[in-house]
Amino acid sequence: MATHRFIPKQFHNTIGSHAPVLSVGDGDTVVTESLDAHGFDRHGRKSADGPNPMTGPFHVAGAEPGDALRVRIERITMIRATGWTFQVLSPNVVNPNAVGRFPARVVTDWIIDIAAGRARLAKPPAALRNWSVAVEPMIGCFGVAPATGQAITTATSGPYGGNMDYRGFAAGIDVLFPVSAPGGLFFLGDVHAAQGDGEIVGTGIETAAEIAFTVAVVKKKPIGWPRGSNESEIFTVGNARPLDQALQHATTEMLDWLIQDYGLDEVAASHLMGQAVRYDIANVFNPAYSVVCRIGREWLTDPMP
Amino acid sequence: MATHRFIPKQFHNTIGSHAPVLSVGDGDTVVTESLDAHGFDRHGRKSADGPNPMTGPFHVAGAEPGDALRVRIERITMIRATGWTFQVLSPNVVNPNAVGRFPARVVTDWIIDIAAGRARLAKPPAALRNWSVAVEPMIGCFGVAPATGQAITTATSGPYGGNMDYRGFAAGIDVLFPVSAPGGLFFLGDVHAAQGDGEIVGTGIETAAEIAFTVAVVKKKPIGWPRGSNESEIFTVGNARPLDQALQHATTEMLDWLIQDYGLDEVAASHLMGQAVRYDIANVFNPAYSVVCRIGREWLTDPMP
Amino acid sequence: MATHRFIPKQFHNTIGSHAPVLSVGDGDTVVTESLDAHGFDRHGRKSADGPNPMTGPFHVAGAEPGDALRVRIERITMIRATGWTFQVLSPNVVNPNAVGRFPARVVTDWIIDIAAGRARLAKPPAALRNWSVAVEPMIGCFGVAPATGQAITTATSGPYGGNMDYRGFAAGIDVLFPVSAPGGLFFLGDVHAAQGDGEIVGTGIETAAEIAFTVAVVKKKPIGWPRGSNESEIFTVGNARPLDQALQHATTEMLDWLIQDYGLDEVAASHLMGQAVRYDIANVFNPAYSVVCRIGREWLTDPMP
Amino acid sequence: MATHRFIPKQFHNTIGSHAPVLSVGDGDTVVTESLDAHGFDRHGRKSADGPNPMTGPFHVAGAEPGDALRVRIERITMIRATGWTFQVLSPNVVNPNAVGRFPARVVTDWIIDIAAGRARLAKPPAALRNWSVAVEPMIGCFGVAPATGQAITTATSGPYGGNMDYRGFAAGIDVLFPVSAPGGLFFLGDVHAAQGDGEIVGTGIETAAEIAFTVAVVKKKPIGWPRGSNESEIFTVGNARPLDQALQHATTEMLDWLIQDYGLDEVAASHLMGQAVRYDIANVFNPAYSVVCRIGREWLTDPMP
């Protein structure tokens, strides 16, 4: 149960079976840093190219294909007083005939007041002069090496995780990824100081961060899509376009989870899900959109042993 | 500000410019009843055919095309000790290759314990033996006569409202519909005792209900899609397939609302929405899916006069 | 087998159970006229409002719900030397970030040289100075009263037909529509002098026309979606969004046709369709998109008696 | 202008920046072989795993990022008397509630009569007893190393090409791919003896083949998506889900091509495309669907020098 402090020097723009930067044990904790989505570090220095340069991969002892890798996000700490967003709604989230109403997309600076836990536009428009946002850090892009030796751009996501841009990936969450390569090969980066549903301006408040996470190998646990949980709920994530298909993936993964671990069959799970599920639209910006299917723990019995 | 008690005797399976069953004044309250989605009344008697037989239409004095009709849901009261659902996930919400895992869809009975405010399956599967659901009534289908003299099946929805099946349409909500016909012509029905996000088994807990609502005409208020609000938030609804398009409608309507009533322009509204919006997936079952775009009132200044 | 000559004086912007303008016998032929999509007649006079004002409905003796109405397009004749189109690709058919490259949409005039059978822009851009298009007339919008008493805008389409904007709906085609109302109630209009696949500028070359068609009732022939045929092929049409769903409707309707009339089962039909189908994208502009699934007659045995 | 005969011994299930198996000159021709989609060779021996094991990559001298690689399919020759397909429509191409009508998917054998140029089911159902299909070979999966060092499963496709499963990729076609890696790194495989539109049973008639192709580097030719041409037409391919987005990519690529090489601007190109385009649905089975946008050469002037 060692704790590793790792300062990254090289970064990846794909998630794949790259050489590990560090090997850690099952149960270990890693404290490391991430660049922002354009590759700027805690000091604002360009340290890598975008999109979403990844810290890692971390090799986890004992993780084999067919297992799942559990990653607990222990802490996401703001380490830079600046962030950035785009300033217009993404063309794909508004009616096609409204696209022409917006000016061109530009990077817009934010001030992150770390002590106060608030972020605000550096040069706000008059109507937002006194506007600020609570800092609620989340990991935009993380996951494990995908199946069949693929290496996939960090712009997108899939069954292995990736650029899901879900505001729910915050401190205190456990996430389960399907292991496809020996050691799992875990990558992370693209932290947002805050983000609304859907990442509809194409960014959260992009910044560098320090992240602490703990890994655990769950042996012989084949899963189809990322699964998450905290004290109050469990959830699944589907990544695809259109949203309809992302929802199908998330819903089917939840169905399978309820059947595998909670002793329900298709009909009982349908009854439960019909009344209990909540959906989040994590992002509608990336090449693959992400939909989250959640169920509160109050609806669930203890998982099967 | 009269209160009308209206017992419906005829019902419509389309929302259109049908002859009003009652004319009411601007500001009046109506207390009426609705059948369940298959046309059974408070006594369990078949009183109309499905889908979703509507009570109404109610003609509201002074409502003209170009106005909006504000409907406040004052109260939705359970009046029948039984409800029904389907018992399997709808084929369109799971991965296509999982569709074959489910038995055929059948109507399944529920017991509604009105005093206790809980609903439970009449014959639950063993795994759900002690399972019950809080009664949280909502209106599945309501709206006003659509544009250009259309009459549209109550199975679907559009700019005029209709079968949106959103669990947020509960007591205490104000909803704004775009008026296309003189008097607005308001219909309502299809109450659910409860429903999860997405209406993914194809139903909520379908039942008859008593509903009290109050109407108000907002003059010269052209809106594109239904808008709602309560004390804590405002929201817009988009109805279309795929979910991507429903989201585009809801997002564009929220953009327009912020610009029209809250003094923002496209850029300021984008900044706000990028950090503040929450999306709900109301239904992914009907011919048109429904997505809700919400913003908490804490993000908003007072609306413009 | 009478031939009726009918000059329309009133027009409908919805397809629904409206009062018939003419009752005809099973097997009769009607020669009539249609306005262009904006309501201008053969003389260029505004005679109705858009969208797509319909001639009809025509009541066909003996057509009952559960039957199909066969409509043979005998002839579509150009009767006006002018047409119009839009001049830019529709925002929904290009990448969202390309939408801003186009000027605003305007109506653009065309000259139709009826004798030569060619159409050309009235004021062509220099690069298209010598460009003209073969006149290949088609019916943009036609169909029968939809189910459950609906009246649906002529901007869209559904199982009953409607605004399908398929260039294949030309002279010599037989189309089968599902009858939902007594007499079928057949409407037609929105003729295009020519159109590419997808109607991607939002119009064909819109013009007034004279149309001759012949109706026949096919008793007890429940079909789900429009079916068409000519000497060389049979085809089905699905209308929905996204294209994926329109394709599902057209494909399932073809499957059912092969099973019902050609003696195949699901597996044999799959084998045949897997090798033989051709898809056309009829329109990707209207609220419902239209996809056509075609099979050449050389692949088919004689239909079952 | 050498001709290389290359017998592959190793195969890739991803398209990426793998070590070249052969370096060829600009203008050279390669004659090689491909396995079928499950990895069986001309003798029916399992030689690699699926999906779609690729022959290659071939390094082309002088190809640099920003160039395009032109590949002419000279010849696709059948070399095995057997092929296989699936026997049921894919669940995603029929209405969701029709999915349950089909038996489980199994591999089904075909006989390829190379001399006669016909293929037939080895054990046809009675209704297809005398049924055979013309052999019209096509390449299901080919392309170049994708951008940013990615390695992407041969199950899917993207801007770099990949598993597009388009029946139009037959002998006599020139295809242009966007070069992202030095040498281009061209892969090919997954030949089908025949296939209908959409690959709706999830396969063509899968078989091994001998393929002759010629490569040429087009310097400084940045393109977004694969472009193809033969004597009668030019076409572009978009790969994405849903079909709507694949169509947007193909349409925008055609727009750009007409502007770059044929001297049109957005309005002139819109006019031309509005009347002239034809769309093909190449596949609706793979993770990315493929739509083809075609324009006949009769509509085009000579390309700009």
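Letters are used for the chains, namely A, B, C and D, taken in the order the chains are written, and counting of residues starts over at 1 for each.
The rule we apply is simple: a contact is a pair of C-beta atoms (placed from the backbone, for glycine too) under 8 Å apart; a residue touches a chain by one contact, two chains touch by 3 or more.
All values derive from a computational prediction rather than experimental measurement.
K.L.:
If you apply the touch rule, which chains end up adjacent to both chain B and chain C?
P.N.:
Touches both chain B and chain C: A, D.
K.L.:
If you average the Cα atoms of chain A and of chain B to get two centres, how far apart are those centres in Å?
P.N.:
Comparing mean C-alpha positions, chain B is 33 Å from chain A.
K.L.:
From the mean C-alpha coordinate of chain B to that of chain D, what's the distance rounded to whole Å?
P.N.:
47
K.L.:
If I count partner chains per residue in chain D, which residues reach a count of at least 2?
P.N.:
Only 92, 96, 241-242 qualify.
K.L.:
Just say which it is for the chain contacts: an open line, a closed ring, a star, complete, or other.
P.N.:
Looks like everything touches everything, fully connected.
K.L.:
Please give the residue numbers of chain B that touch chain C in the complex, ascending.
P.N.:
13-14, 16, 147-153, 240-242, 245
K.L.:
Would you mind writing out the residues of chain D in touch with chain B in their complex?
P.N.:
90-92, 96-97, 99-100, 242
K.L.:
For chain D, which residues count as touching chain C in their complex?
P.N.:
85-89, 92-96, 98, 101-103, 108, 121, 124-125, 127-128, 131, 133, 194-201, 203, 205, 241-244, 247-249, 251-252, 255, 263-281, 284, 289, 291
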